[in-house]
Each structure stands twice: as structure tokens, then as C-alpha cells.
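When the chains are written out, they are named A, B, C, D, E and F in that same order, and each has its own residue count from 1.
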Amino acid sequence: MTLARLIEYDEASAEIRAVYDDIMTTRGTDWINTFWQALANHPPTLPRTWECIKEVMAPGTLDPLVKELLYLAVSASNGCAYCIASHAAAAKRAGMTAEMLGELMAVVGMANETNSLANGYRVPVDERFEKLF
Amino acid sequence: MTLARLIEYDEASAEIRAVYDDIMTTRGTDWINTFWQALANHPPTLPRTWECIKEVMAPGTLDPLVKELLYLAVSASNGCAYCIASHAAAAKRAGMTAEMLGELMAVVGMANETNSLANGYRVPVDERFEKLF
Amino acid sequence: MTLARLIEYDEASAEIRAVYDDIMTTRGTDWINTFWQALANHPPTLPRTWECIKEVMAPGTLDPLVKELLYLAVSASNGCAYCIASHAAAAKRAGMTAEMLGELMAVVGMANETNSLANGYRVPVDERFEKLF
Amino acid sequence: MTLARLIEYDEASAEIRAVYDDIMTTRGTDWINTFWQALANHPPTLPRTWECIKEVMAPGTLDPLVKELLYLAVSASNGCAYCIASHAAAAKRAGMTAEMLGELMAVVGMANETNSLANGYRVPVDERFEKLF
Amino acid sequence: MTLARLIEYDEASAEIRAVYDDIMTTRGTDWINTFWQALANHPPTLPRTWECIKEVMAPGTLDPLVKELLYLAVSASNGCAYCIASHAAAAKRAGMTAEMLGELMAVVGMANETNSLANGYRVPVDERFEKLF
Amino acid sequence: MTLARLIEYDEASAEIRAVYDDIMTTRGTDWINTFWQALANHPPTLPRTWECIKEVMAPGTLDPLVKELLYLAVSASNGCAYCIASHAAAAKRAGMTAEMLGELMAVVGMANETNSLANGYRVPVDERFEKLF
């Protein structure tokens, strides 16, 4: 089904195992999800993507829950089934409740509705919005 | 430039004025942005869309800042210039700092990258992610 | 601004002029819009695209107005400013009123909202919907 | 598979049942499709979304068949499998023939092709198209 | 599952068989993939789409492998599972190696990341980029 | 117009200047385009994104021209005006001719057409395509 074989830990090279180990240590889990097993088919892509995710999703001015909610909202909007499933799980681990999920989806739905209305009507951006930043 | 005339307060019908008044009261502003002025061309769409936005963006389990961040993230991901501008302004009023904006955009960028990788490789969803909800 | 020069009738080759002539005759107009002037930079793309548009948009089981409404709805949903402008004009020529435009945009907005909700929640397709065709 | 449990009629609260009843009455059916069963997990989202759909899809200047065709065209263009299945069924009930479906898909395909060409070449909007509305 | 019946060679009309024959001859295969079997439900769409594909994918200034890589990249970016599968197969036949696939996906991922960042920040196009063509 | 100030070399911190210097050295240019000037508002995003782009776009099994064509094709398909302009310029520097651009856009257009047809008809993936990798 996938375009690339899913590379299990046992058959992985030392370099790939090092990334897998770091993923499991960082997340406190004992297994590797299929996304990384697929990326492992292209050795440069696996560590590059993992380092970026690790840096971007680390606690910052936005806390990890908010970051996971943002990731889930974008993935839901894009209709990426894999990322919806994996980041909904991550958001739940970070504290997302069913109520939060419901509110998040309501915002995603409204944003997609009004994005299409604003684009569809070709609404010009208000002068006042241009001067804020 | 827009597909529909922008209807100013002074020329609006009583029904449209009532919606405009509610928008300004709810937001504590004294002007109406062009999005609503365009929607006013179709009288049923204006109040329906406004009531939905008012309900969805009201404080809930997620606070108003988080809701605005989610709205902005989806709009940025969809490339809707109008909604980016208006919801960046709203997020700023709700407390978004420049640092938060930077972190939000970093998440949006990574989500779009990994969404395309997961879809592109046709990565199957892990069994464990299916059982969470 | 465009990636390709806009090729005017006067400077066009005989082959391109023949397509331009057919566009103007078919539409009953005396000018060529910039879309075709851009496509003319790649001689095989101009006639191929025009022949396809001419065939697809010709009267069929769906009348020309409905076809233009469908084209406009997809273009609005995709946020293609050029195609929104040109197909709104074509729809208007085919009989679209301001009221129809308002109803069309309302449908486009709702479709985008519920598309993101159905994808976002990963709603499984009902068995009954699978058996209809 | 879905992010939210599908809530059956028998286990639903009185408020949710009231919405389910209205959906079945309005549509003349005796069952509730999974989309609404998923939305029922977030009590405010179910009635809000249903009321909007009911209002937007009601007969207007555009008849119900044309509205369903527009909904289906946008859903096909967005690749939302659920909405394609459910709105193809609704369009069929409203009178869509196999021939109409074929013409609709042909328009959706051409719109997506020319949307990407107009955006890809960054074709400027013709002056004449700006003055129509 | 599909919206249209898949029309097998044996049950096809003479006109459809002629297209099927041309597809198999051009590709040097002895079977017809489901995409064409679905399009065959709308007789005008099948030959029109096939003629366009045949013309666009023929060797030109870009060789067939590069064309297949471009097709696969766009399909991966759009998340079209069918087109990813069929054009990955076509690209492999044309010489795409696993290493090439990995590099292609890395480019697709980065393009989607920076597309969302450029759109999200509303970055203005540099003057120098406007003067190149 | 942009959500973030464009940070010029002269006002940049030493860390940002180091990235700007590497961009100019790697590309053999003496100026910084606005994309990086916008990203510089979030200090972690600038070097992370640049390092990724540098790695992904470096010569590999695919040569730099093919990589730029892929980047341009995805950006055109996504309708990102900024990335279309900047990567069309980069592709031209890498050897893209006007004829190649025309062929690339033709492929992008067809891919978007058939992606929407395959998704719209919900065409099932052929068994044979599943076994290739």
C-alpha cells in the first residue's frame, strides 16, 4: 500500500536505529510509527525531518498542547488521514479532551468556510489590517 | 476587484445594520471590515455566517487566543490572504506575540511538509492510532 | 508579473491566430483574454486546452449556465482569482444573477466547511452510499 | 477509524434526537448517516451545522438539483470521499443522471486544470473582468 | 466504491475499445487500469482525456522520466492516492530508482513547507523575480 | 503587506547575517530575497529552513535542474505566487528554457485535471499498482 517498504528496527542500519532510538527516548515510547519507517527508505530524509519536528514541537512560547492542536488543525484541514490520526493521538497525550477536539474541529470548519468565501468573493484586504505588523 | 459591491453602513438596510451593529458591539470596534461588507450582498449569508463565527469563536474549553491561533494556522495553510490578515489582527488583539506567530508558522510549515510526505508515500495508519478514540 | 509574455493578436503566428479567431467566434467577442495570451507561449498547449474547454462547456445534458456555475464554484473553492473573475463574467453572460451568485457562494462555503469536518473526523462512508451506483 | 464515536439514535440525548428527527423529516429518510453521528460528539456543532445546511440547500433561485451538483463538484475537487459519496447520493435523489455526472466531472477536471495553469503562469486578471460587478 | 461502474474491455462499445486498444499499444501493456475504466462511463471524457495525456506525456524537451516525476510530484502534493500509485508505477518503468523517489519526495515536502510559509507570511514577490520573463 | 517586517542585512544580528552570507555564497548572488528576510523574524526558523533547503536541493541522483522543475511544479499546482516566481527564476538559472516551462505547465495542468477526476470518481487503486514497491 505504501510507496516504500516499512523498515523495522531489527532490519535497520545503525544510523537509522540511532534516529529511531532518539524518537522513542524523546517521546517516552517503545515503538516507531509507520511514518518514520517509511521515511527511513531515504536515509537523509529521516534524520532531517525528525530534527525539524523535534525542534519545532519543543516547548516554546506556545506550550506543547497548543502546538499539537495547531498541527492537528492543519492536518484536518488538509485531509491528511495519517497526520490526523497521529497528531490526534499526540494531542490527546498532551491533554486534549474530547471537548477541545470538538471546538478545534468547529474552528477548522469555519476557517475553511470563510477562507473559501473570502477567496471566492475576492474580498480586498482592509487597509487597517495591513498596518498591524 | 471583489465580485460583489462592498456595502457601507450608511447604505445598508435595517437588517444588515443590525448585524453590523452586533459585530461592532461584540468586538468593541467602530468599523466593519470588507469581508462582512461583501457578504451583505446576499442577505441570508451575512447573519448566518456571523452567528456561526460568534458561536464558534466564543470562549469555551479553548480560550479565544488559542481559537484565533487555530484560525490563523488554517488560513495560512490554505493561503487565504484576507483571512490571514484579519485573523492575525484578531490574534494580536487576543494576545499573540511576534514570537508566538513565529512558532505558529513553524508548525504550519512542518505540518504541510509532513502531510505531503505521509500522503505522498501513502503511509498506512498505525493500528495503535486507530484505537485511541 | 506573469511567467510568460502575453501574446497579442498582431504579433501572433498564423496557428495561434486561428485559435484566437475560433475563441472569438465561439464566444461572440472581439478580444482575447490574458489566459489564452499566456498559453500561446507554448504552441501545443493553446489549441489543446481550447478544444477541451470548447467541448466540455458546450451545451449538453447540463445547460451552459449550470456548467459555468460549476466552473465558478470549483474556481472559488480553489481560490483561483483569475478563473473566478473570468468565469463569473461568463456565468453572468449566461444568465447568472446576483442572487444566484450569493446562493452559489453559500453552497461553496458550506461544502468547504463540511469537507474539512468529514475529512478531519475521518468519518467512514455509510454502506448505503456505496451501493448507489 | 473515525476520531469520534458514531452516536446512534438509541443512545443519543434528547437534544441530539431532536436534530436527528429533523434531519430525517426534512429528507424523508429513516436513518442518520455517519457524518451527523460523528458531529453529535460535540453538541453545539451538530445543530449549528445542520441548520446551516438546511438553510443553504433549501430551494432558492437555484433549484435543489443545481445546489447538489455544486456541492458535489466542490467535494470532488477537494477529494473529500465522504462528501462525494453522500452528495452524489443526494444529487441522484434530486434527479442527477449518469450523463449529468459525467458532464459535471468533466467540468471539475477542466476547472482544476485551468486553475493550476492560471495560477501557475500568474496570469493577470483582465481589466474588463474587473468591471463586471 | 467508485461513483461509476468499471467498464471491462469485453463489455465495452467499439468506440471505447478503440481507445483501450490505443492505450495498450502506446504503453506496451495488455490491460487497462481502473482510471480509464471509470472514465469510460462518460464516452466523450475517455478519448478527450487520453488524447491529452498522450500528447502531454510524449517525449519533448523534457524526457519521459522527468515528465513522470513531475506528474508524481504534483499528485503526491495533492494527496491523490490513485495518481500517486499509477504514476509511481509509470515513473518506475521510465527509470525512477528508489533513490530518485526519495529525493523527489524530499523536494515535494520542502515545497509544501515553504509554500505555506510564503503564503502564510504574505511575503511580497521581489522586484528582481518579476523581471525574468 | 507581509505579516512580518523584512529584515535587511544591515540591521540583522550576527547570527542572521551568518545565514544570509551562506545563502549568498551558496547561490553566488549578492542580495537576499524577501522570503528569508521574512523568516528572519523568527530566529530559529531561518537557519533551520535554509539548512533543509540547502540539503534537499543539492545535486543528488536528480540533478539541480530537475529538482528546481519539481519545486516549481508543486508551487504552481499549489498556486503559491512567491514560490512560483522565485523557483521559476532558480529553474531558469539552472537551465530551464521557455519550452521546458511550457511542457512543465502542461504536465501540472493534466495532473491537476486527472487528480480531481480520480478523486472525484473515487477510482479504486489497481491491484497491480500496489505490488510495485
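In the analysis below, a residue touches a chain if its C-beta (ideal position, glycine included) is under 8 Å from a C-beta of that chain, and two chains touch if they have at least 3 such contacts.
Values in this document were obtained by computation on a predicted structure and should not be read as measured data.
Steps from chain B to chain F, minimised over paths through touching chains, total 1. Distance between Cα centroids is largest for the pairing of chain F with D. Between chain A and chain F, two chains of identical sequence, the interface residue sets overlap for the most part, with shared numbers making up over half of the total.
Taking A-B and D-E together, the chain pair joined by more C-beta contacts is A-B.
Chain A and chain C have CA centres that are 34 Å apart. Between the CA-based centres of chain A and chain D the separation comes to 27 Å, rounded to the whole angstrom. Centroids built from CA atoms put chain E at 21 Å from chain C.
The set of chain F residues that touch two or more partner chains comprises 1-4, 44-45, 48-49, 52, 56, 77-81, 84-85, 88, 99, 103, 105-106, 108-115, 117, 119-122, 130, 133. Contact residues on chain D toward chain A in their complex (touch as defined above): 3-4, 41-42, 44-45, 48-49, 78-80.
Chain A contributes residues 1-5, 44, 48, 52, 55-56, 130, 133 to its touches with chain F in the complex. Across the interface of their complex, chain C is touched by residues 1-4, 31, 33-35, 38-39, 45, 49, 52-53, 56-57, 60-62, 66-67, 69-71, 73-75, 77-78, 80-83, 85-89, 92, 97, 99-100, 103-104, 106-115, 117-126, 128-130, 132-133 of chain D. The touching residues of chain D, counted against chain F in their complex, run 76-77, 79, 81, 84-85, 105, 108-117, 119-122. Chain contact summary for the complex, chain C toward chain B: residues 79, 84-85, 88, 98-99, 101-103, 105-106, 109.
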